[in-house]
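Next, two complexes with subunit A in common: one pairs it with subunit B, the other with subunit C.
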Partner chain A sequence: MDKVLKLRNLKVVFPSGHGIIRAVEGVDLDIHQGESVALVGESGCGKSVTSQSVMKLIESPPAMTRVDTIEFLGNDIKDYSAKQMQDIRGKDISMIFQDAMTSLNPVMTCGKQIDEMYIRHQGVSKKEAREYTIEALKLVGVPEPRSRAKNFPHELSGGMRQRVLLAMAFACMPKLIIADEPTTALDVTIQAQVLNLLRSMQKRHEMSLLLVTHDLSVVSNLADTVYVMYSGKIVEKAPVKALFQAPHHPYTVGLLASVPKLSDTEKTFSQIPGTVPHPMKKPSGCYFHPRCKFATDKCKNTMPPLTTLSENREVRCYYPLNLKKEATA
Partner chain B sequence: MKKSYVIKRILYSIFVFGIVMTLNFFIPRIGVEDPAERYYPPQGNMSDIEYEIIKQVTRQQYGFDVSTWQQYLNYLTGLMEGNLGTSFRSGSPAVTDLIVDRLPWTLVLSVSTLLIGLIAGILFGVIAAMKRGRWQDTTLLNASTIMVALPGFFIALILSFYLGFEFEIFPAYTDPNMVSNFDWSLSAIQTVAENAALPVLSMAVGSIIGYAQGTRNAVIAVTNEDFILTAKAKGLKQNTIRYKHTLRNSMLPIVTSLGMSISGLIGGQVVIEQIFNWNGMGTLFLEANNMNDYPLMMGIMLLLSGFTILAILITDLIYVLLDPRVTVGDKR
Partner chain C sequence: MKNGDQTILEMRNVSVNFPVKGGLPFIKKGVIQAVSDVSLTIKRGETFGIVGESGCGKTTLANAMIGMVKPTSGEVYFNGENLYQLRRDAFKKIRRDMQMIFQDPFSSLNPRFNVYQIISEPMFIRGQDDEETMVQRVIELLELVGLSKDDLTRYPSDFSGGQRQRLGIARSIILNPDFLVCDEPVSALDVSVHAQILNLLTKIQKQMKLSYVFISHNLAVVKNVCDSMIVMYLGKVMESGNSETVFKNPLHPYTHALLEAVLDTSIKEDREQVILKGDIPSPINPPKGCRFWQRCPRAMEGCKTIPPENIEVESDHFVACHDVNGFPEGNFEEGYKKPLKSFDDDLSEHGKAHQ
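Up next, the complex of A and B:
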């Protein structure tokens, strides 16, 4: 498999009057062609900042970004100029955001907002662009695309709006799609529809997907590989099946336990005790140790490194769990 | 959907104007024993009997000799015909004629102020937003802070003193022959422009800074909106984002504030006209006030309220053009 994205040692901080917010602390990310990668973690752990950094969309100032490598299709785009990045964005990497209501320009028709993609990246006329737009809307299952294209965002339902965002992201058939919590704003049935659509489009066109979510339950049938993020650091990386069968990091175990399962007769909703550390007051040692029942003095004092356990499995913990389980799996 | 909204909006404005017309008629009559009292000339050395006759005649002359209801109907039919009553001035000129003479001169000032304020204000606001935190932005912030503390007439006095008297760049007093000599010739128009310079500038300084600050804040607010990030993620060029996405959305709050600021402009202009001796509606109003010329005062008030309602209507209609969401009734 060819590598589409190779991110090495991404660090993003936000200096503020009260201190420094270390949003991302040395994240590595690999995405291969046709692969779907999920980035999972609680709110505020740095998922959005990481995913937007891939497209170099994090403005500095206010942010300060350091990265060793951002390799996209074999080219290091780390030092690309703003102009060069504009040519890549939308065309080779595109993004789907969480809330289609606020992510679409309220005073521009949905059609026009998709047209812009073709006009910008394929240099076609407005008229041709509209024909492409209608095709794209058809592809994502928008009924009566010609008249829907003339609607403003507020005139469509939440599901339809999200499909408009999907059509926009797929417009130029990019190599990589980044979807940042693409369905959080939708209700559950529509969520499943949109996610399945996203997955099938991605598979059919051999694209790569970076799916950002705080919800492990959607990951199982959408992702091939999962990165678990905690407080700005990757704490576990694993193929999706292996992760669900044998989560190694206590945080992942906690996350999985809080996913409600269909088999659960009584609705126990286990939660990880404690809260996410404040981004300006991170604890010493392992950031997770104050919430971890297995923590020792070692965990309190030194940050464990991200260690490779087996092929494709990495974990940032001195005492990984479920090691035997994997052997049997 | 849009059409019905426009019609509804127009009907609503007419309704509001109807209320204003009615209030304009009834308020001077509330709690007064004899509503015609203000219209009587002073008694002087007339005997009571003589004065009673004079009062009788006055009541007849100004239409107070019929029932209040009939007076109201007469007032409304008069308005339909553009008749605002007769002034107390010698020769009993029609209020409408007095107003029509002065109105264009007032509009010259207000319209130029509005245009200059809007164009320059939006331009400066966009620049300040683009250069956020740099000297262009801090200058604007300081100017706004100073403006809050500075009454409009004070600016007028400073400008009139320096640009008018000290350096004699523009006339500090309006040429008294400007109106009577006006004949649409190029030189006459130039005279008007020269004489209007200081009053317009005095009023425009405030509007420019006000609109600039409003535009700057709106542009920055829109820049932080999610859809601007979407536009960037689409790879759109900076200018496309700026003009097609940011600016149009930033204009929405400006248009909303426009209707209200126009009524403020009308109020401020009364003072400015006085300072520069400009023969407009403001001066006319003060003249009427000094002479206790009630019909004239009421006529001017009614007209100004009408203008305000019209201004708000027009800005609302512009808003509909800019923001498709209005028609569903959730104007932000």
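Up next, the complex of A and C:
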């Protein structure tokens, strides 16, 4: 499989009046063609910053970004200028944001916002662009696309708006789609619709997907490979099935256990004690050790390296769990 | 009557309508039926779940329970007293026994108040205690919800989402209420914090013998937390009853769809999902018959015009659906039992585009 994206040693730092916030600390990420990769973690763990860095959307200043390589389709885009990035954004990489209401322009019709994609990147006329737009809206399951294209965002429901965003993201058939919490703002029944759509579009057109989410149930439905992030670092990387069958990092184990399931019979929920460390006051050693029940002195003093356990499985822990399970699985 | 009675809250045929005022040229004047004809009883000490999508009226229903929205028609009895016929001072007194936890801990705490001011405010307003007892009580509560007395002088901005929700919980229980409405208490929080807050709520319920109304759109949470529940759609109750019974044997197509839509972390190969098509229709001028027929995979001709009744199908399990209960006796137009075939085809075509 060809690599669509290769990210090496990404570091993003936000200096502030009270100290330095290290949002992302040395993240490596690989996305192959047709693969969907999920970046999972709690709010403040740096997952959105990572995904936006790929698009170079993090403004500097205030942020300071340092990266060894961002290779997109074999080209190193690390030093691309703003102008060069504009040619890539929307055409080869596109993004779906969480809140469809705030990421659409409220004073422009939905159709016009999609038209822009074709006019900018494919150099077609306005009229042709509208035909493409209608085709794109049809593709994402918007009923009566011709009249919907003339609607303003506030005239559409949340699910429809998210579809418009999807149509926009898929417009130029990009190689990579970054979806940042694409369904968090939606109702459960609408969420199921949008996820199904996203999955089928991605599979049919052999696109790669970078899914950023905190919702493990979305991950299990959509992703092939999962990166779990905690406090700016990748703590575990695994194929989705292996991760859910045998999570190795104590944080992943806790995260999985805390998702309420329909099949549960107990009235209490298992929980991870404590809270995510403040980004300016990260603990010494392994960042997870104050919340980890397996922590030892070694964990308190040194940060464990990201070690490869088997093919495609990496974990940042001295005492990974469920190793036997992996052997039987 | 206060403590001997098994029922803490009863609603009889409650409807809440909001008028839509003209002014915008494209919006017809009309009425939003946020809640229409809902009857329910909540027993002392139980957790009562209200499930539904956004806009189905679950928050309005909860507001009507605690006297924040006056119902257009129907009665609400709390501890045997008709809430909306009480005199103002009596009403204020009874309101102390019912409190609310809000969905968004980021907007429900005053950013200019410190923790002590936030939590003690209900006590302060009651005005029966001196400063010292109030501080004592606040510290006691902070410890109960898992914070410490060092936090007394800090401000909401110093806390994470989960901690803020703990503050909201502490504030809601300071007056020892009987009845607590939790309006989506965890949906604004991170997944790993969900469990912490839910466990805390359960602990408090046991300790203080509270009755909860638990509003959520997450069925997995409702199943584990609630004793009885109702499923709402567009202001109407679709299915209700003992939550164990409902989950064991869900009958209404909408409940089925909600259950299907719950994403599980268990990986299943090629899971067959019945995914609801379309959006929730506008609550202004809702469908005449069953409110769900436009999205219902089992809809029949008659569903368009004949409103279904809430019928008890087994003990403590009510369903409002023609497909489950059969149509009532009466003279209806010919062919009312015909499934909406054309509609169905339309949907499957729509569905194919997704695959």
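Here, the second predicted complex is superposed on the first by the 326 of 329 C-alpha atoms of A that agree within 3 Å, B and C clash if a C-alpha of one lies under 4 Å from a C-alpha of the other, contacts with A are read in each partner's own complex, and residues count from 1 in each chain.
Methods note: contacts are C-beta pairs under 8 Å (C-beta built on N, C-alpha and C of every residue); 3 or more make two chains touch, one makes a residue touch a chain.
Since we're looking at a predicted model, the values are computed, not measured.
In the superposed pair of complexes, A:M108 makes contact with subunit B only, with no contact to subunit C.
Looking at the shared chain after the overlay, A:N9 reaches neither subunit B nor subunit C. When both complexes are overlaid on chain A, the residue A:N221 reaches subunit C alone and has no touch with subunit B.
In the superposition on chain A, contact of A:N301 is made with neither subunit B nor subunit C. Contacts of A:S284 after superposition: neither subunit B nor subunit C is touched. A simple residue count on subunit A separates subunit B from subunit C, and the partner touching more is C.
Using the contact criterion defined above for the overlaid structures, shared-chain residue A:R89 touches subunit B, although it does not reach subunit C.
Counting contacts as defined above, no subunit A residue meets subunit B in one complex and subunit C in the other. Listed in rising order, the residues of subunit A touching subunit C in the complex are 42-43, 138-139, 141, 143, 157-160, 187-193, 195-197, 200, 214-218, 220-221, 240-241, 244, 254-256, 258-264, 266-273, 275-276. Of all the residues in subunit C, the ones that touch subunit A in their complex are 53-54, 160-163, 190-196, 198-199, 202, 217-221, 223-225, 247, 257-267, 273, 275-277, 279-280, 350, 353-355.
Partner subunit A is touched in their complex by these residues of subunit B: 225-227, 229-238, 240, 244-245, 248-249, 252, 322-325, 328. Here subunit A touches subunit B in the complex through residues 52, 55, 57, 82, 85-91, 94-95, 97, 99, 102-108, 116-117, 120-121, 152, 154-155, 165, 168, going by the rule given at the top.
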